[in-house]
Amino acid sequence: MLKFSLLGVGRIGKMHAQNIAINPNCELEYVYDVNNPAAEKIAKEIDCKIAKSPEEAISSSNVDVVYIATATPTHIDYILQAANAGKAIFCEKPIDLDIKKVEACKKELEKYNVPVHIGFNRRFDPSHKSAKEAKDSGEIGKLEKIIITSRDPSPPGIDYLKDSGGMYRDMTIHDFDLMHYILGNDPIEKVFATGSILFDEDCKEINDMDTAMIVMRSRSGVLCHINNSRRAVYGYDQRVEIFGSKGMVISDNQTPSSLQKFTNKITKAQEPIHYFFIERYKEAYKIQLQVFIDNILNNKPTAVNFDDGRNALIVANGALESYQSGKFIKINY
Amino acid sequence: MLKFSLLGVGRIGKMHAQNIAINPNCELEYVYDVNNPAAEKIAKEIDCKIAKSPEEAISSSNVDVVYIATATPTHIDYILQAANAGKAIFCEKPIDLDIKKVEACKKELEKYNVPVHIGFNRRFDPSHKSAKEAKDSGEIGKLEKIIITSRDPSPPGIDYLKDSGGMYRDMTIHDFDLMHYILGNDPIEKVFATGSILFDEDCKEINDMDTAMIVMRSRSGVLCHINNSRRAVYGYDQRVEIFGSKGMVISDNQTPSSLQKFTNKITKAQEPIHYFFIERYKEAYKIQLQVFIDNILNNKPTAVNFDDGRNALIVANGALESYQSGKFIKINY
Amino acid sequence: MLKFSLLGVGRIGKMHAQNIAINPNCELEYVYDVNNPAAEKIAKEIDCKIAKSPEEAISSSNVDVVYIATATPTHIDYILQAANAGKAIFCEKPIDLDIKKVEACKKELEKYNVPVHIGFNRRFDPSHKSAKEAKDSGEIGKLEKIIITSRDPSPPGIDYLKDSGGMYRDMTIHDFDLMHYILGNDPIEKVFATGSILFDEDCKEINDMDTAMIVMRSRSGVLCHINNSRRAVYGYDQRVEIFGSKGMVISDNQTPSSLQKFTNKITKAQEPIHYFFIERYKEAYKIQLQVFIDNILNNKPTAVNFDDGRNALIVANGALESYQSGKFIKINY
Amino acid sequence: MLKFSLLGVGRIGKMHAQNIAINPNCELEYVYDVNNPAAEKIAKEIDCKIAKSPEEAISSSNVDVVYIATATPTHIDYILQAANAGKAIFCEKPIDLDIKKVEACKKELEKYNVPVHIGFNRRFDPSHKSAKEAKDSGEIGKLEKIIITSRDPSPPGIDYLKDSGGMYRDMTIHDFDLMHYILGNDPIEKVFATGSILFDEDCKEINDMDTAMIVMRSRSGVLCHINNSRRAVYGYDQRVEIFGSKGMVISDNQTPSSLQKFTNKITKAQEPIHYFFIERYKEAYKIQLQVFIDNILNNKPTAVNFDDGRNALIVANGALESYQSGKFIKINY
């Protein structure tokens, strides 16, 4: 039975709290949030303690795991505090927006022998995972192409965007990680990225983009495409296509129900797909937690490690450089 | 090169004329229709002769095949004339609405050694045929159930209905034949049928039904279901499901294009399915003609013979008896 | 916060125990099972008390709800004990296999004013429910047909079958209830049923059937079809098709993931559908529990009441009578 | 009634010959092919004359249309001969591999007032066309992204490849044209292209690629992606996705039949999609011919004109430059 301190109970932190609460292999000991009423609300629902400070939550001798779901700029600080306290660490993506800080953190972490898991939840989605496994098993032959479509239902607003690090480091970073996951030990060699501001005034104001397309080539020559949008009226569009010499697998979108409608205008019409990540990746988040716990309890390496977080950021930075230069940028991990 | 006389150029006859015209193995020599202007129009389009009488069309020494697409009450007369003239015969379904006349015709036909094909076009639909072949090949194991959904897009109107012989003999007869086709040499042993008048005033007026459901059991115990409607707003609904010990095959509906639409209300919405039989079974009609020609030219038995037409009518009559008596009726072929 | 006593922790009872445990609006106070080790195991997992007898579980003053998931023959006894103790009652289907006992129980229950919910879980499936709602909203116009396909993945074995009451009262009873649910206040007027023994030696031994087809007509003329099998190699086949004057809705099957495979043999191939009811109706069982709790807490009528259980049994009995007589049987509720 | 001379009766020319033969608005007067037996075979089947030289076919006073389906290097010569003879021209894609020759031809053509149609058949596919129309009608709002997947079933072999002009000018050129078609009057501003040799030894030998990915941005900021392969084991993969502010349309792949298979391994498995362009774009080729004829007979501009052919080549050249330089290349039409 692992005991958790959870830092941050915003939208995603709240979901983590509930998943921890219903998982029979762990217990939520502390919650902490700068917004104290939010922490109080969760503490009441889950019946756990409220830490007066992050330090209290992190260093309590009663706690095995520090679960970091706070704002990105705080991540590294909490990671290092937790490492110093000898706790296992689960940290939401991204580690940080600044690769230098990430490198420094990496170096610092080498002093400690603590497990670190970075929260790239999509790897744990049963459909994406089955697609990856079909590729690994040789079922589709030699890998040739990966295509990821990843569109949010609606733009997040200026408050979120201004500190987000921009499309590639905030949103596409999930897709870069998924590419790494599928590619396995065949790293991305080059990245080309472009983008447009087509609809979102907030993006325009901060000189970000709302629509993006990326092409990558792996060391072995596998071609990879990602396309992103900050808005898709039909829901949270999450598709992965893996193409090889003997076939193809597609992890398709999912609708809340399996209803189909037929009228004089349409046939086989399904509902809009799941609205957003909380709904779409509900199972993935639960499975991720279980895998994390299993690995900690069995002294096995975490499923998504610090380097995975670092590598995704490096490719995101490469994409940004490509966007600015118009060139096919070499990735140096 | 077979030479055809075509009797009847109504909706279905016109389509047959065009199929004959583009088939490289046959030629349309004569057309005949009680509605002479219709015959003239086709004759001009196809560049063929107009027979002044059915007799001329049937007995012309230049003609190999008599293709009967006239009103049902004329079928038997033309079949026997054609048989007497030694012609190969293609006759649209149903042979006749009166089983006694059909039996008499059958007996009479025994005097002649002419090939007769009854136009149950659905057997030649590539999807239905693949489903049947999957069953025959053992791919789905031992046959257990067959379910046919068969719905017209809109009711035909009182003029058609009053001489149609009623739902079972006019519309369901196609489905009875398809059941026979799929069952192969396992005949239908019992039939139960019911129906309702739910929307069509014309049906009500002539005491017919617009909606029907039928259940049958074959000699070996296979259970069969047919459901019919005279109206489906989304198009001509034609589905066949064959279920066995090792799996299932479904011959699904078909849309004119493969377009899918996604909005904030719907996803993966396709178009309405094909409007009616001319569009839906376009390929089936062409293939049927080719198979008919191949069989004639190679002295092989026709693919759908007189007994197939007779047997479908016998089951239709059983259905009607069941509808009237509320009993599970034994079929005596 | 409602306190529950759960009687019976077999396969379905165990699932109920877990759902009760994670529902924030209720608590599992007691479990009871004739198989004491099973009860102990659950009690340990959930951290609740073990009742030494059903009486203890039912009459404890600390308990608000008696949840009956024991063998069918015990249902009525426990219902009446619980009613006598003034408890709210949740009882798994069927109430009993003997309509006379059900009628007696109904009469007896009139003395008490306790809420009774019969566990027809399928009504709470989001897809089936959306289909029903589309019908109720008038979206598909006037109702004309309902078609339910309901096939188990594999036969249950002789031990289960011999006390099951036969296909119609054990398995089809779910589908009869679903028909009632969709039809609303348009009762079934007549039922025709047939069946076959096609593969299951156990069914043969006890003179039951493994494959069934049923046709019903409602008072307003709506035609209804159910087809059942005790085995479907591709999983637990659960489809509902509702057809009306303005369109159709289909509640289709569901696969564990949204993966599609493409090879040189197949395209768009999905996985087998959910294996059985625990997986397929996972959400439905949780929602059913929540709806039950909400109704109890708000003094509202239960969503599936005693009469719903009784009516489904009456139609099942009609089906059996039809199977034996080969006649279209009138239903007298 | 337009009279045609057809130059070239290879695979695609033969199909054109058949389409011309069955179209009621035109007649095949002459065929010509350097491979005389091939011409003789077609002439016999279709019952038309064999020209002894291209000149005879082109200049015959009896002929209205010159239909060019010969090897690419001959196109421009025949176009100009036909223009000089005052004939309407249908020319298969590409016009030529050398943009300088194309520009010279364009200039020369200005002297003549003859209609020229370039054979980009995909524009006439009913599904692709419906997708384009949904975009034009505003149904999906403001256009934001276009994604084209275009994969051949198997590589064409070294003989074809060595004169093909390479992936972009031979294969992707169809997709570039489709992009222009969908974009309408919003030209492509920049193109990035990459590629790999992953499986085809022939491609390797001639320094071409077998797998490609392209990203483009239009003047208005629309992002476009194309991905190509010379091999897809499941058939000729042809998908178009158009994404906008109010929704998305997808023109999906098509299978020969609508059969679905269900076993203990797979569900809803369809057949491999159409094998190649002759099958997949069968309707498109017929419609293209009809549209061409209608435009000629009604003195309307051709649906795909010389500039469409030229513009697709210009983008293909830009793609090649990008592939070689690793840069985002500006398109100068």
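Which chain is which? They are A, B, C and D, in the order written, and residues in each are numbered from 1.
Note that in this section contacts are C-beta pairs under 8 Å (C-beta built on N, C-alpha and C of every residue); 3 or more make two chains touch, one makes a residue touch a chain.
Fair warning: this is a prediction, and the values are worked out from it, not measured in the lab.
Chemist: Using the touch rule from the top, work out which pair, A-D or A-C, shares more C-beta pairs.
Modeler: A-D
Chemist: Farthest from subunit C in C-alpha centre terms, which chain would that be?
Modeler: D
Chemist: Per the centroid of Cα atoms for each chain, what is the distance between subunit A and subunit C, given in Å?
Modeler: 40
Chemist: Listing for subunit C: what residues touch at least two other chains?
Modeler: 233-234, 246-248, 253, 261-264, 271
Chemist: Hey, which residues of subunit C end up touching subunit B in the complex?
Modeler: Per the touch definition, subunit C meets subunit B at residues 141-142, 144-145, 147, 149, 190, 192, 194-199, 211-215, 217, 221-225, 227, 229, 231-234, 243, 245-248, 326-328.
Chemist: For a test of understanding, state which residues of subunit D touch subunit B in their complex under the given definition.
Modeler: 22, 24, 45, 126-127, 130-131, 134, 139-140, 246-254, 256-264, 271
Chemist: Could you please specify the touching residues of subunit C with respect to subunit D in the complex?
Modeler: Subunit C reaches subunit D through residues 233-235, 253, 255, 261-273.
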